[in-house]
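Should a chain be cited, it is by its letter among A, B, C and D, assigned in written order, with residues numbered from 1 in that chain.
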Amino acid sequence: MDIIVLKPGGYDEEIKHIAKKLEGMGLTSRISKGTERTVIGVIGDTSKITEETDDSFRAIPGVENVMRILKPYKLASRDFKKTSTIVKCKGMSIGGKKLCVIAGPCSVENKTMMLEIAKEVKKAGANFLRGGAFKPRTSPYSFQGLGEEGLKHLEAAREKTGLPIVTELMDPRDIEAVEKYSDIIQIGARNMQNFRLLLEVGQSRKPILLKRGLAATIKEWLMSAEYIMSRGNQNVIMCERGIRTFETATRNTLDLSAVPVLKKLTHLPVVVDPSHGVGILEHIPAMAKAAVASGADGLIIEVHTNPEEALSDGEQSMRPEAFKKLMKELRPIAKAVGREI
Amino acid sequence: MDIIVLKPGGYDEEIKHIAKKLEGMGLTSRISKGTERTVIGVIGDTSKITEETDDSFRAIPGVENVMRILKPYKLASRDFKKTSTIVKCKGMSIGGKKLCVIAGPCSVENKTMMLEIAKEVKKAGANFLRGGAFKPRTSPYSFQGLGEEGLKHLEAAREKTGLPIVTELMDPRDIEAVEKYSDIIQIGARNMQNFRLLLEVGQSRKPILLKRGLAATIKEWLMSAEYIMSRGNQNVIMCERGIRTFETATRNTLDLSAVPVLKKLTHLPVVVDPSHGVGILEHIPAMAKAAVASGADGLIIEVHTNPEEALSDGEQSMRPEAFKKLMKELRPIAKAVGREI
Amino acid sequence: MDIIVLKPGGYDEEIKHIAKKLEGMGLTSRISKGTERTVIGVIGDTSKITEETDDSFRAIPGVENVMRILKPYKLASRDFKKTSTIVKCKGMSIGGKKLCVIAGPCSVENKTMMLEIAKEVKKAGANFLRGGAFKPRTSPYSFQGLGEEGLKHLEAAREKTGLPIVTELMDPRDIEAVEKYSDIIQIGARNMQNFRLLLEVGQSRKPILLKRGLAATIKEWLMSAEYIMSRGNQNVIMCERGIRTFETATRNTLDLSAVPVLKKLTHLPVVVDPSHGVGILEHIPAMAKAAVASGADGLIIEVHTNPEEALSDGEQSMRPEAFKKLMKELRPIAKAVGREI
Amino acid sequence: MDIIVLKPGGYDEEIKHIAKKLEGMGLTSRISKGTERTVIGVIGDTSKITEETDDSFRAIPGVENVMRILKPYKLASRDFKKTSTIVKCKGMSIGGKKLCVIAGPCSVENKTMMLEIAKEVKKAGANFLRGGAFKPRTSPYSFQGLGEEGLKHLEAAREKTGLPIVTELMDPRDIEAVEKYSDIIQIGARNMQNFRLLLEVGQSRKPILLKRGLAATIKEWLMSAEYIMSRGNQNVIMCERGIRTFETATRNTLDLSAVPVLKKLTHLPVVVDPSHGVGILEHIPAMAKAAVASGADGLIIEVHTNPEEALSDGEQSMRPEAFKKLMKELRPIAKAVGREI
């Protein structure tokens, strides 16, 4: 149902016009004249009312506002599917009792380093390996990733450790390669509203890790999940990684309240990326713990054996020992909220 | 030390002028001519360089930027005092191993309700009682609090339960009354930069709970603590209560990363207010747990026996049973991070 | 009229409960059961429904959302008063055809400087003089203003030039002094929600220049105007001075769209402060011109004869010659939008 | 030059390590030991120091902060090219004395409508035609544009009116089609950091209209221009279209201060989109005037002959008469700032 609010004044003609327009859409209007405003309630199967229908009503002179009651997403909504989605991947589950921990370097830099880090994070208890072969960088002069070569190093690391691979897709033209080597395809924050890319991965059979855009509302983020799901891929994992605010003491502002809010609105699993969320090495453990306590289904953390030589995000990469220590500290918190790690 | 960056071009005269100006302040300048920019480093006791000194250098033509290296606050800084401050209040400690839990209604509405809620929160394990007698409200037509009468109800509740009182001061003219009845004086988010009020409570012997302003950076928030401390009152408790962002799914965006960031920058204790931070009843427990996991020294939570009849913040007030349940659930998390509750 | 949206599910009891509650308030409920949501429209004199009434409805289990249709402010609303308010002050008008230009230093520093600047801005065509005697400063170690002595220097400048005085009030305890010497009382951005101060100046007979808070929505800003007006003082001038966003290239983000938005929502005059809005000397003229083109009723600009020696805001103070040049350049723009300067 | 600030404490080893690392990069370090912090200035050809080099220094224990003095973009910088770039397109210039006005519908809906609107905007004085054939929409259920068919309608409209075409590219796979039919390629706000798309249009010979991202700082926006320019395409037009802030009274917050700021930092032309910037029909003229007064090189405005039936953005599309009136009103403002329209 939608609510149409008219501007003050006698708008009998507008009311008739709107009623007729709604009728043409198979909907009924219900008019309530208040002392200060007239309000039209729209009744019927309002699922066809898209946001641009709302806009077209807003374009009618005499209309002050159109308020939407129903959510603009469906497949992603918990109204539509009550039970929590558990994404299965190579024998692992995301969204179940056991938390998923995705760890690894920001970028894949070379094979040796990749194997070394993979072994370390596996030993520490991670159950997925991350690493970027295609890297979105703010500067054209920065290291842009090894491309397909990087994907091969990831594959080698999976062979050695058995850890499934999470890696980013930036360009619809790379989908074949990324699908071939990876187990979960990541859509980065800067591509959360790259709608063509979303439609592309909507046709993939691989689960999608959908990072929240820097300035994306939770509603828009769910709409991006809806894009993917509308093409048939129901295995979407939401990933909170911090939003952009006025605060400069941290790289981003990690919005942990998004975790319970999403758990209410959607059936999809939610993981948290404290590495990008806070961007300061020494504060990552605190935020990882807070994420687990808030009810997240997992974490994604940057780990590097030699942060100082990392080709990207060195300053926020944990060393393996620190990561191992964190994993240990997370256990009792996971247990306290009824989870395992 | 400050860094002065000059615009490109030959600015010999500017350099001389700046050097002379610095000399007059008892400081030395150290000039580094790079290929593209000339940079002047300022050496000496730069503690006298306030932000307006920086501004006055910025006003010199030829100066492109002035970068500040030292923090503009001192008494609040962990550089200045290494050990964490433990605020003592009526036999309780804030900032020690045991977490402080401040609970109670948004506003004091009447004596019966106040006593009832006080008993309930005490039973559930809270160790401080909150309640507003002076209420900052966005609308002049909203309930503005009972004033001194409300303070008396708080006093009565303390007598019955032994719980120390936390209540807000809005106006320097009410300081005597608020000091008389309360144990901790709260400065609300909207008054975080009411500098006259800060100077006033800086002369009080009561601890001050300083809420973060809606759009305050952590640096500005610490500067407000510095205001209070500069007048002699070292017992300041920082309270994160959410910042204003573009996200509308929650009332504010609770910035939990402020907890570890503050723990690093300052020796002052940090508590978190999940009630205002998220503003949605069902999500408060998740955020309270996350706050404890992130390392907070305590929580401040709105509890009401009859939220539907509350004169303010009814929609975000927990019922006593829910609060009791939360307290129980917080225990293992507190323990996991080396704390008690 | 308010709209209450219920959660999905059969909530007959809730509906009865809500209907009864509304009845007790002299209101009628109108129930519309849609296929997915049930909506209750509230009919009658809803002017008594404050925001906390909305909150109390939100506290009822089964209620998903409460949507407000009417604006929460009245006296400030153009619905309430159609004709634009013209504030009169010492023979000058703010809000009429002629633009008001308020110019002067950030702080009053001494008498000689004050007289000199006053003469210069008058010569350039300013019709009001600004200058702070009480200064809100982020640091307790910064210059806090000359206090009453500063007010006397302003008075002396008015005597010499005839320019009416605009100066800031920070503390309700200073109202007598500020009222005595000034012609327009400024409420600064950081005090926009210092509600006690608003009530205080609501009883003054002097016009109030109400600066927008750093993180204040236009609605909240109008609510602060309503505070003042609810106490009897209808002469409120709204002043846009930039909001806090993620952008750091400017001191604040000057929200010029607030000008036409306010012109629609309220009958009160609107002036713009490009000095604080952008905070970079060389960009102030462009933003001053844009402000006039956007329909502002006036400007407030920082001018100093010796910015490098200014005790505050030196880096954003225009020199008199630059200000004079700007005044000349503003004329054809004012004319183009049907105004005079 | 970069500045490296060390944490307090005796870090002789760190200093040596850093000095050696810099030496390896062909750079010299200049150490200044202050009373509270030690600072290392980096001298030499620092143009090779990318942001990740900075990050790798931040990853060294003992380093508190790395401050960057040089801008991370070059080709886009006014330091690099002093004279303003004038983009030539089909006999028109963008960035010269004459303002460019790009007008047309949000989406291309059908041929008749396209021709009709094209004739109207031409008559009113627009010199470019806009219209989307590929539409980025938040909802997968919204109209996604006519695709290549839409491009053909645009071509037909150009044939009839002579107006060059501005249209959006969303997917690198559509570049051939978009290049074939359009005269200026638009990169939308949501794709401002779609780096693959930027590299793609960097190889085009068509000028690029680069919209600012919703949460993009001016620096990041210039970095995206740099991406395009680094591939050889120097004809980039910056387009301010509003940023995301906490304010909900407008669709976005139009940041007009970006105009003078960009004019200072870059030689590229800057146009403003008041339609998306404010998103409320009646406020577009005020913001268009303000944009011209602020020094913009042009405007991009949504015009539709039947907004109520528009398939997108109906509520913010101007009717041709209103647009014609605006064009007339813009003339004296353009003249006042030394421009023509």
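Here, contacts are C-beta pairs under 8 Å (C-beta built on N, C-alpha and C of every residue); 3 or more make two chains touch, one makes a residue touch a chain.
This one's a predicted model, so the numbers in the text were calculated from it and none came from an experiment.
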item	value
Most distant chain from chain B by Cα centroid	D
Centre distance in Å when chain A and chain B are each reduced to the mean of their C-alpha atoms	31
Euclidean distance of C-alpha centroids - chain A vs chain D, Å	26
Whole-Å gap between the CA centroids of chain A and chain C	38
Multi-chain contact residues (two or more partners), chain C	215, 244-246, 248
Touch-based graph of the chains, sorted into line, ring, star, complete or other	complete
Residues of chain D that touch chain B when the two form their complex	1, 3, 5, 8, 30, 32, 34-37, 39, 41, 43-46, 65, 67, 69-70, 79, 244-246, 248
Interfacial residue positions of chain C with respect to chain D in the complex	215, 217-219, 243, 245-250, 253-261, 264, 277-278, 280, 282-283, 286-287, 289-295, 329, 332-333, 335-337
Residues of chain C that touch chain B when the two form their complex	50-52, 55-56, 58-60, 72-73, 136-144, 170-173, 190-191, 193-196, 198-199, 213-215, 220, 223, 226-227, 230-231, 244, 281, 307-315, 317
